[in-house]
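Here come two complexes built around chain A, the first alongside chain B, the second alongside chain C.
Up next, the complex of A and B:
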């Protein structure tokens, strides 16, 4: 009897282990999860993980490739009919997760709520990346036109953004207050119950804790490879790895390089790593009374040996950028610019010249957010001390970047789209987030160079203008890009997933072609 | 008093030692060693606790492969000497925990005593505050205070001091109420003693033993609370080492560099072990009901 019971228990145990594989279900444990899911207002590294499974843009790209190769999304074809106009033909028979069929009106609604934003969180995104769009206009049931204010060279790139994913108009309006009118509360409510056209629908969302995807049978494209994917928030690395080892989870995000050896030594686990398309930054408040002298800020950057930090903290696998530039930018990738370097002697000289009297420079940082952030902060304090800078760490979970007393802090500058305008341009534009938080100044010359870099139709002119901007950043630095981090995802053997090079950072892409499961052990 | 006590001290210590059993003696020796190490950390530590060696990170303790000479307990995630950090951390953590526990004891004990003695509205107010404190998770209060006032060392000491005051208050108030009903208090009162004299002469000696037990319990609790706050980034700022912060950081390195967490964790274990055993022993000796007549 006892033996039979044991046998049954064993069989049940096996069923529990193999069951999910057979049913194509996985559990993912992530380091961070936000309190809402709205791709239009969000541009965080946390949110970017979740949207691609739920929504589609008008224009897709081949995400397996680094170089942009545009593919039909919810538009089947498109043509730029003038420097300021793009005409798109919409896909027919696309269903939202609610069962409703996508119409040209849904598309116009989705675009114009951003182009002519009146909801403050959307206005921020409108200003920092969609400012050149004027309006979207319906021509007939299958055709729309998108108009820009000035000639646009980045139409496809921008129409691919998560901020322009297509959502159902009637559903959004029905959420709060009057079911037939559009209110700001509708947008707030949408963030809790988002609906799109993607291969997965959101089965459950517990803000900050859990996201559950289920295959959407009405999807217009190749069906989702997973029946169900449960994403759980597990902030500690050790707990994420334990969940992986016990089989409770199949994929774990944000694994620091220090853990890779232990994962490789475990026959049941493996890791996929990539240099993620963003920079971890050290930003400096140019308007802090004690930091106004550019020589002080230059010294702060020149004192940091980023190559040594890379070797020590990233196993040498991060990339140390010479300037604010990424290889994703194609012809606009400009590694020949040498904007940032390590030169402790020059740092000492500048400090002496500026008459630095040893005042304390406070370095704010989060306790547990960016990979290697705390280690790097402590190492940077030693490097500063070596040239005579009196640094002090201030670890706190709150964002201090908008406070006038902030001196130096950590930040990241992700690539929001594959163009310098989608990384440097979003954060450091005249009137952009850095300036509006009061820690960066621009003048007319800067604005003129920025305009040329953003809107010139001539590639060489864009590059020349960008070089000019970088020369200004070098002379009067508001930041230092520390590195392009080497991020890793750990998973159980049998799970075949890796970050796709065509995505913005951290996207957990579970669409067909991006993930497969072997019979799992 | 002191003149009389001084010559008696060696004799008293010797008697204490003679009465102790093996475990108590071990705890006493351990406590003295830990105290000495904490006080002498700057002299005993082989390295500057904050000196990094970025290219010699996570080296194992002496005797293991890849160990670095001189670093007996290995190096941590920034190549700092773990032994030196443990010694300095012991110093700071003991200081923090003692300060916090004493603040809690004085605050809670006084309030509890006043509540028990005076009764009525005062008692209701104190016990209301106690209930409020129990109703809200303490970590939440600590986070709130630290975010509001910034996490500097003085604020941290006060927060740690607030931890557990309500336990002292409850215990002292209950004991006081019980004692107040006793005939000897009645007798003292009849003899004309005021509340202050009653509290000082008749109540306090009887309160020592439960307070000592609570003190030892909360001392270990505070060490752990400090660890929690450090992990959330609200403890002592890096690179300063505390035992809790070292455990918090070391937890992430358990699979590949377990020595980073083991050394401070064992130190915490030794501290709490010594404190608990000594507390037990002190209670047995201090409780008038257990004292041999």
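Up next, the complex of A and C:
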């Protein structure tokens, strides 16, 4: 008890002493916290919050802009010297958080550990987004070349990925076993003690609980605006909001739409919101014996009034996509495609035509893993019933997307990078996850269109091929994108932060330009 | 005393083995970890690759043997998610939970014993009824409701107390009160009933007749004899709390304890962590029970001399 009291006195004293310095320190309370921090193996929405402060890619972009505008990162310049080759000049004098200077060998190591992955978690990422890369090659101490297997039009986009952030070779090797050899255990250990070149270094990491960033004085770019940022896991939304009120925290993540009014009403708080670059999905098993008739699946999508759901569940603030497309895709954003619509009469007609006899259609969903998931599922059952579909909800914590008996279920398709290849292209490629799980089929014509969409050097051709793919999806739908969810972050007045439109979803960017603190905070 | 200790030890060992086996198979019956850990949106090739990587490709029997081997060589495996030894993960969570448990127990004893005695000796007076009313209130209000109420009043409105984590002594106040409320309610009632049982006994009348001061009669002759009942209730409560009772409280106050860890591991099917965590908790419960068993002997001379066993 005496120790407790001493602790209190100490804490109060410290709070009083650190008043002025606290202007450069913040605490962030997050709904989800990572168990490891390795940007190369991770592609989760939880992990994406944390990497950008610690690491740099070779090529940055202006993250304040939606349209891609490439900026020098750890490479100061780059030039595509052939359809399959990119030559990059490296920045000089870049320091890792360990104090070591970044060399061309570090860069080659970072890239080739992914391009030629033999560590299973890296192999998975290599195959789903880096498959076209062949190798990276050192030309001299400042110059490297990256080779692809086939002509690549997305060099900058892909070299900007978190999977290709640059890490120190000698440090990685030193982590486990033989300090000079590369072992899989080195990669495992790196996830607990990550080191990069970013404006913040990782001062402390308690897996599942806490991430502490500290300004890295040796950073090559504009210094970090915060001296320290502590990110804590607080699973309950009520506790996160209370922590903001008490001043324990400055920013809180994952604020559901129904809390926004309370935040607006509080003079000490404010909220920043954005439509996140991912879709909540309804996916359908085209190979289920009772679902093979495309007319049944078309009816399932046509019966759903997504605009009404948006009004009711998201206060109208989510976005209802007409096709599998996002405005982040720049020239490849194709809202003119009307792949999905609401037409209950057409749904009824198709059901009658297909001879639907009222058999039960099971809708699997997680116990509210996605915001509004359960409410949406319940409403969808009613909308189905209105056109005569006999739906049944099946709450199921496990992923059922690979089970042959799965009929319909919830899913999400995040934007892994800002191109349709980084969203639709990852999940619905020929031989990709959806087909491989047995719930989606492709044929030669689909594969040919997909090849043109992914690899054609002609933008118009890419768009035409994508339109072709979407026409296929419309005629024989394996999914319905429900919406781009509307995500909110709450913060204290005096904290100036908002999600940057140039990032993948959920990034907590605390770099210069992304956050400032007013003196009163 | 020695044979009693040996019996207790043997019982502990058997219980532990049964728990270990149950934990292993029960966790696996809740679903294939492959469907949770490996992730969605993978090709079948990558899925197979990761199943091998997480060492989930063996039969249950092979996995069970590997699991039992852990008790011999001390290698209980790596977390599916954090990829570090589970013993390390669980060890970091035990002390915060224990701290919360101890502070809740301390508060309970300090409040419930006097309140229970008061309710017994003043049972016809309004103070006795008031004590029982408080106890019933604590019993009727679920801890998550109380937690939210306390947060609302003391953090959200008054802004007096923090709610996130266990950094300072101030952080202990709300979770301790939340956790202790139910315990205080239960222990007050049991103390009252146990005291009522002994207050009417002959030896109490004798003690008073000897001219002992009332204070000594109540505390020495009364409470000491009611002690066995009270002790067993405390033992059960502590064991129950250690087993999982603080899960909700830990989650609400973002307390980095073992309850929070177990729930998250269960949701994500991080079996190595879940198994080891449950076993650690089971070991704690067994040790607490054994300690209570031995404490009986201390409290009851008849047990010590083996006349009642």
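Going forward, the second predicted complex is superposed on the first by the 495 of 521 C-alpha atoms of A that agree within 3 Å, B and C clash if a C-alpha of one lies under 4 Å from a C-alpha of the other, contacts with A are read in each partner's own complex, and residues count from 1 in each chain.
The rule is short, and it goes like this: a residue touches a chain if its C-beta (ideal position, glycine included) is under 8 Å from a C-beta of that chain, and two chains touch if they have at least 3 such contacts.
Predicted model only: the values in this text are computed from it and were never measured.
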{"item": "Touched partner set for A:208, first chain B, second chain C, both or neither", "value": "second"}
{"item": "First, second, both or neither for A:397, with chain B first and chain C second", "value": "both"}
{"item": "First (chain B), second (chain C), both or neither touched by A:66", "value": "neither"}
{"item": "Chain B versus chain C as contact partner of A:354, first or second or both or neither", "value": "neither"}
{"item": "Chain B versus chain C as contact partner of A:131, first or second or both or neither", "value": "neither"}
{"item": "Chain B versus chain C as contact partner of A:374, first or second or both or neither", "value": "first"}
{"item": "Larger contact residue set on chain A - chain B or chain C", "value": "C"}
{"item": "Touched partner set for A:238, first chain B, second chain C, both or neither", "value": "both"}
{"item": "Common ground on chain A, meaning residues reached by chain C in one complex and by chain B in the other", "value": "236, 238, 397-398"}
{"item": "Touch list for chain A against partner chain B, complex", "value": "236-238, 241, 256, 258-259, 261-262, 308-309, 311-313, 366-368, 374-375, 377-379, 381-382, 392-398"}
{"item": "Chain A-touching residues of chain C, taken from the complex the two chains share", "value": "31-32, 35-36, 39-47, 49-50, 52-53, 78-79, 81-84, 89, 92, 148, 151-152, 155-156, 159, 161-165, 167-170, 172, 251-254, 256, 260-261, 264, 267"}
{"item": "Complex interface listing, chain B residues touching chain A", "value": "52, 54-55, 57-58, 77-79, 147, 150-151, 231-234, 237-239, 249, 251-257"}
{"item": "Residues of chain A defined as touching chain C within the complex", "value": "4-5, 7-8, 11, 29, 35-36, 120-121, 123-124, 127-128, 188, 191-192, 206-209, 232-236, 238-239, 242-243, 245-249, 397-402, 411, 426-427, 431-434, 436-437"}
